[in-house]
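There are two complexes below, and they share chain A, which is joined by chain B in the first and by chain C in the second.
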Partner chain A sequence: MNPIRLIAADEWRLMRRNRVAMLGLVMLLALSVIAALTSIAQRDNSDAIRARFQAQADQAFDGAPARHPHRMVHYGHFVFRPLPALAAFDPGVDAFTGNTIYLEGHRQNSANFGDVRQSSLLVRFGQLTPAFVLQALAPLILIFIGFGIVARERERGTIRQLFAHGVAPRALLFGKALGLGGIAALMLAPGVLALGWLIAFEGAPLAPSLTLLAGYAAYLGIWVLLIVIASSLAAHARTALMALIGIWAFTVILLPRIAPDVALATNPTLTRLETDIAIKEDLRKMGDSHNPDDPYFNAFKQRTLKQYGVEKVEDLPVNYRGLLAVEGEKLTSKLFDDYADRQFAAQKAQSRFTDTVGLLSPAIALRRLSMSAAGTDLEGHRRFLSQAEGYRFAIVQQLNQLQATAITYDDDSNRNKDPEAGRRVRIDPKNWQKVPDFRYQAAATGEKLQAALPGMLTLLGWLVVLGFGMRLAIRRLADAA
Partner chain B sequence: MTGLWRHELRLFLRQRLALPALALMALLSIASVWAGMAEIERQRDTIARIQPQQAADVAAIAKWVSVEGDAGNAAYYTFHATWDEPSALAFAAIGQRDVAPYILRIRALGLEAQLYESENYNAELALPGRFDWAFVLTYLAPLFVIVLLHDLKSGEREAGRIGLLAAMARNQQALWRRRIGLRIGGLLAALLIPFLIGAALSGASPGLALIFIVVAAAYILFWAMLCLWVGSRGWSSVTNAATLAASWLVLTLILPALGNLAINSVVPVRQGVELTLEQREKVHGGWDKPKQETMQAFFKAYPEWKDTKPVEGGFHWKWYYAFQHLGDLAAAPQAKAYREGLEARDRWTGRFGFALPAVGLQTILHRTARTDLNAGLIYQDRIRSYHKQLRRFYYPYVFNEVPFREADFVKAPQWEHR
Partner chain C sequence: MQIIVVDALIVERGGRRVLDNLSLTVKAGEIYALLGGNGAGKSTTLSALLGFLKPVSGSLSVAGVDPASNAEAARHKIAYLPENVALYEHLTARENVEYFLALAGEAHGPEEIEAAFDAAGLQAEARDRPLGGYSKGMRQKVAIALAVVRQVPVLLLDEPTSGLDPRATADFNALIGALKERGTAILMVTHDLLGAADCADRIGFLDNGRIVEEVACDQGYDVMALHRRYGEAVAA
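This part shows the complex of A and B:
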């Protein structure tokens, strides 16, 4: 057997006898299993509830009675964001974003009922998911198990015996790394099983799942190397322990919290209230539909009359009120898109900043990779918001078109005075069934992988740097020997 | 006596980890206070910034609505701003203020469709939690306690000085008390002085600041006791450090996360979505129901408008606002159940706080700073009562068909700034 494997096997034999190490490992594995089971159950449950609510909303819309189409514009629709299968591994921002939006004419509502606002502050301690266990807890347990892996040998003087027996410093360190890497692989096992389950039974996409696996493996690999290097360079096991806990606290707990503060301060975004007011203000400037002499809507009227070659709106073959509704919605929707684009751009800049900080923290880089591959990052939520807005615009315009074509201008104008006209403007409810249902299009695999790439590159960069660190540690050991 | 203390201080500061640890603790405390104050300042600025924008928006609506003077239009198109001022201590424990809206515009239509709106925030930034003083105290300070105390006795034993110390000290108990006192005192000073400066600058009431100080001291003391207890087992420094760090992991990360899992499965809340679906059906069903039926149901809640002119024709604002309100009444049971679910979750968290120091600490800090889930619910209560004022303000115009003029816009009830 080659010396590296021998050293690793020896390390495993020792660890089996180390009660503290075994306790830590068993605890982590138990947590991983609990996290995987509850996370999968919770994902399935949430997704089923959302699907049920979506079906209920679709049914309510299709089953609405005969109404004026503009009533249906205000009745609106609800859409729910489905939860991807991989959210069972890393729910990402799901709890922090609302998962349902009420869509109606003239207005853009927010996505509501995110879990965070429905939970006590306990949720801010972190949610127990496979991602959280592997990102935050596994490195710390690895530190407890491995901080003395080389330093202990030196403190007891056994390292000299090893060298005397002809073990090269290189073989020693790589053997130790292999030994600790085996433990890390064991820690990853429940996560691998969970991913396997998600692929086999819940339709999780293969390539993003493998990317997740590779990312977490690289991340734990980084910690294994860090621990071996620190344990090798430190004078005492205790110094190594302190230094490693310090690095962990800094990169896993502290930096991920500081980076958002800086990002928010440097890239402020408008609140909903300000956006709302700004859109209304812009709208008034573009054209005021309440003003009978408004230049914009007068020009629209002249254009329409000319197009149909008639003198008065009463003579139009279509209902002018419907056309006005179509035009008005076009204006507001354009503004909604503009402001949303600006908001997303600012948020993207904020996230880019934290990604840059992620160069210093493998945990931040891994989180980016993990959320992107799982499809639970902010981009996933943005997709939902913009698809929901697209859908809102489409159904509102479909209903406005119905108002223009299925109802006469005369009836529409007299619907509140003449009961007969009032009856005629309530059109056949079969029209509601012709409105398509909302289908959320998740990001394609290629897009997910591309979004995960920067995180992956950062992790690989760390591995390369730590490779040099290993060389340094080996040289130091060789000098000492 | 002071000589002994000064001597211990010199010894303590000469230790390799002591001064850097205290300096780092002070630095983190200062940074968190600064970051928290900056965030709360930003929130106050936002609240101040929206006032003129809001006034301009109302003025623009008043301009065209007052031409016809239709009160129904005034109530329909005018949004009224509400906001939840941060308390003076919010800077130290930002809590849910980064994910729950602290400004919201409402109008006199059905409230249940407006009350649960969210803010536009970057969820990726909210995910890891804010860097505030409560975070430094809850998560980081215990690690510093561990660094300073894990080798108090074992370090001396490993250096071979323990026997010497026992022989030399006139009073062994006093010696250890001095050493512990210095370390914990230094740490508390590093933590609390920046907080006190922040509290003074924010104009916090001394009584509430005192609550912060007392619970912070108690929390640090808990960790100190734990360190001393582990230290008294006679293990090596390195075993002490590993045991204590593992306890930290279990007490501040693992058990709270398990607790959250347990609470969410014991108290599921999905009435939020149910109530909005229900409210929409009721409100829009109003258009299809006989008007008299709607009006009779409304008069049960507001008999004072029973004798006003009956609704005729296809549309009247009275009828419109009547079924808006009936939608809220129909959703009231779910709204109540939803709220009770949230309160139950909050209550369970409080119970966990008795067993888990980190949870207990966070509960007290955020309750005192009024930044917890409960504070959000209180804000919702204030919005509810303001909404009622608004409706009561518009109803006389709508039901008595009184013209609504430009001067009437300023008569609308204003949100009370706390």
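This part shows the complex of A and C:
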């Protein structure tokens, strides 16, 4: 057996004989298994609930009685975002962004029912998921297991014995890295099993799953190299421990929490309330379809009359009120889209800032990769909002068209005065069934992989830099020998 | 046959000349004791022979291999016992020996290892206990057993009897005597003139990185006179 494998095998033997290290490892593995099981169960449950509620909402809409189409516009519709299978591994922003939207005419509502708003406060401190265990806890346990991996050899004098028996500094450090890497691989094992389960039984896509696996393996590899290098360069094991704990606290805890706040400060976004006020203000400026003197809608009226070659709205072959509703919705939707685009542009700038900070923190880079591959990133939420808004606009305009074509202008104008007209404007409920159901289209595999690429490149960059760090540590070890 | 050859060796550490034209030789089946006070250059000599230090000038040879240019090959010819024997406490004596043999790329059967333990005088019941509870003398026996089983031509000893009681010292001397009989060239550095006089064939007195006097035990010498001359210096 070559010295690298021998040294690695001895590390595993030491690990087996060290009760404290074994306890730490067993605890982490137990946590990983529990996290995987609960996460899969929670996702399945959550997805089933959302699917059930979506079916109920569709049924309620389709089964609504005969009504005026504009009442259906305000009756609205609920849509739910289905949870991707890989959300069981990394739920990402799902708990914070909400997963359902109430769609109605003239309004763009935000997503509701994020877990943090309805569950225990503990959710805010991080859910127990395989992603959380591997991102935050696994490096910490690796540090406690490995901080003395080289330093203790120096402190006890065994390093000189190793060299005296022909072990080269390079073989020593690579052997230590392989030994600690084996322990890291063991930590990854429950996650691998969870991913295998998700692929085999829950329909998780293969390529993003493998990307997740590669990302987490690279992340733990980074920590392994960091620990070996720190333990090799530090004068004492306790110095290595302090340095590594500091690096962990800074890159895993501090930076990922500070970065979004700084990103928000440098690229501020309006709050929901501020956005609502601003939209109301803009809507007021845009015009009022109920005001006969409103210049925009007066111009629209003239245009419409000219288009149909008639003098009065009563002579139009279609219901002018319906046309007004179509035009009004077009205007408000455009405004909503503009605000949403601005909001997303600011959020993208925030994400870019966080990505840049991610160069300093492998944890941030991994989170980006993990959420993108799992389809639970902010882009997935934006995608849901965007599709929901597109769906909202389509069904509202379909109902507005029904108002324009299925109801006469006279009936519509007199529906509150004439009971017969009031009865006639309540159109056949079969029309509601013609409104298509909402089907969320998740990002394609290519898009997910592309979104995960910056995170992966950052992690690979870290591995390259640490490769140079290993070379430095080997040289220093050879000099010190 | 000269196994260890040090010729006009100059070694500097931190800009200070530690070995200054040091020359010495050790034959196969010979024990050479290098005596000197703190900072005289004893441990530096061992480090240079192990290839841990590169000389400024001069030459070194360990069983025909130059450790300055080919440290790994030289280390395969050497068994080294530091002052505080550094072995793994989580391993048993047997596992330690097996581990270091494997690292050195040497394959030896369990019988050879048992024989080496017997030769080193390590009690049978201790061989499968982790080293955590071993005394210094017992650890030395493990290290000696390792040297015995490796059958290397060179044994380097750094203060081997420091901290040992008289009985353990006597056992140790008997052990290296046995290795000498097998033809091993043994270089020991020590403060202990009387101990060295007990087992060494030649004694070299090191001062400021050079040998100031060398005596051969078979030519007869007055230990007490040597003690009067160098006793204070080597005990420093």
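The rule is simple: the second predicted complex is superposed on the first by the 480 of 481 C-alpha atoms of A that agree within 3 Å, B and C clash if a C-alpha of one lies under 4 Å from a C-alpha of the other, contacts with A are read in each partner's own complex, and residues count from 1 in each chain.
One rule holds for everything that comes next: a residue touches a chain if its C-beta (ideal position, glycine included) is under 8 Å from a C-beta of that chain, and two chains touch if they have at least 3 such contacts.
All values derive from a computational prediction rather than experimental measurement.
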| item | value |
| --- | --- |
| Contacts of A:L128 with chain B and chain C, given as first, second, both or neither | first |
| Partner chain in contact with A:F144 - chain B first, chain C second, else both or neither | first |
| Which of chain B and chain C A:K417 touches, first, second, both or neither | first |
| Partner chain in contact with A:G157 - chain B first, chain C second, else both or neither | second |
| Chain A residues touched - chain C or chain B, whichever exceeds | B |
| Touching partner for A:L457 - first (chain B), second (chain C), both, neither | neither |
| Touching partner for A:R13 - first (chain B), second (chain C), both, neither | second |
| Touch list for chain C against partner chain A, complex | 50, 52, 72, 75-76, 78, 80, 82, 84, 86-91, 99-100, 102-105, 130 |
| Of chain A, residues touching chain C in the complex | 1, 3, 6-7, 10, 13-14, 17-18, 156-158, 160-168, 481 |
| Chain B-facing residues of chain A, complex | 20, 24, 31, 34, 38, 49, 53, 56-57, 60, 65, 67, 71, 74-76, 78, 92-93, 96-98, 100, 102, 109-128, 132, 136-137, 140-141, 144, 147-148, 237-238, 241-242, 245, 249, 253-254, 256-258, 260-261, 263-265, 268-278, 280-281, 284, 288, 290-291, 343, 347, 350-351, 354, 367, 371, 377-378, 381, 415-417, 419, 422 |
| Complex contacts: residues of chain B adjacent to chain A | 17, 28, 31, 35, 38-39, 42, 46, 49-50, 53-54, 56-57, 60, 64, 79, 81, 95-96, 99-101, 103-105, 113, 116-131, 135, 139-140, 143, 147, 151, 237-239, 241-243, 245-246, 249, 252-254, 256-261, 263-265, 269-270, 272-273, 276-277, 280-281, 284, 287-288, 313-315, 341-342, 345-346, 348-349, 352, 358-359, 362-363, 366, 372-373, 376 |
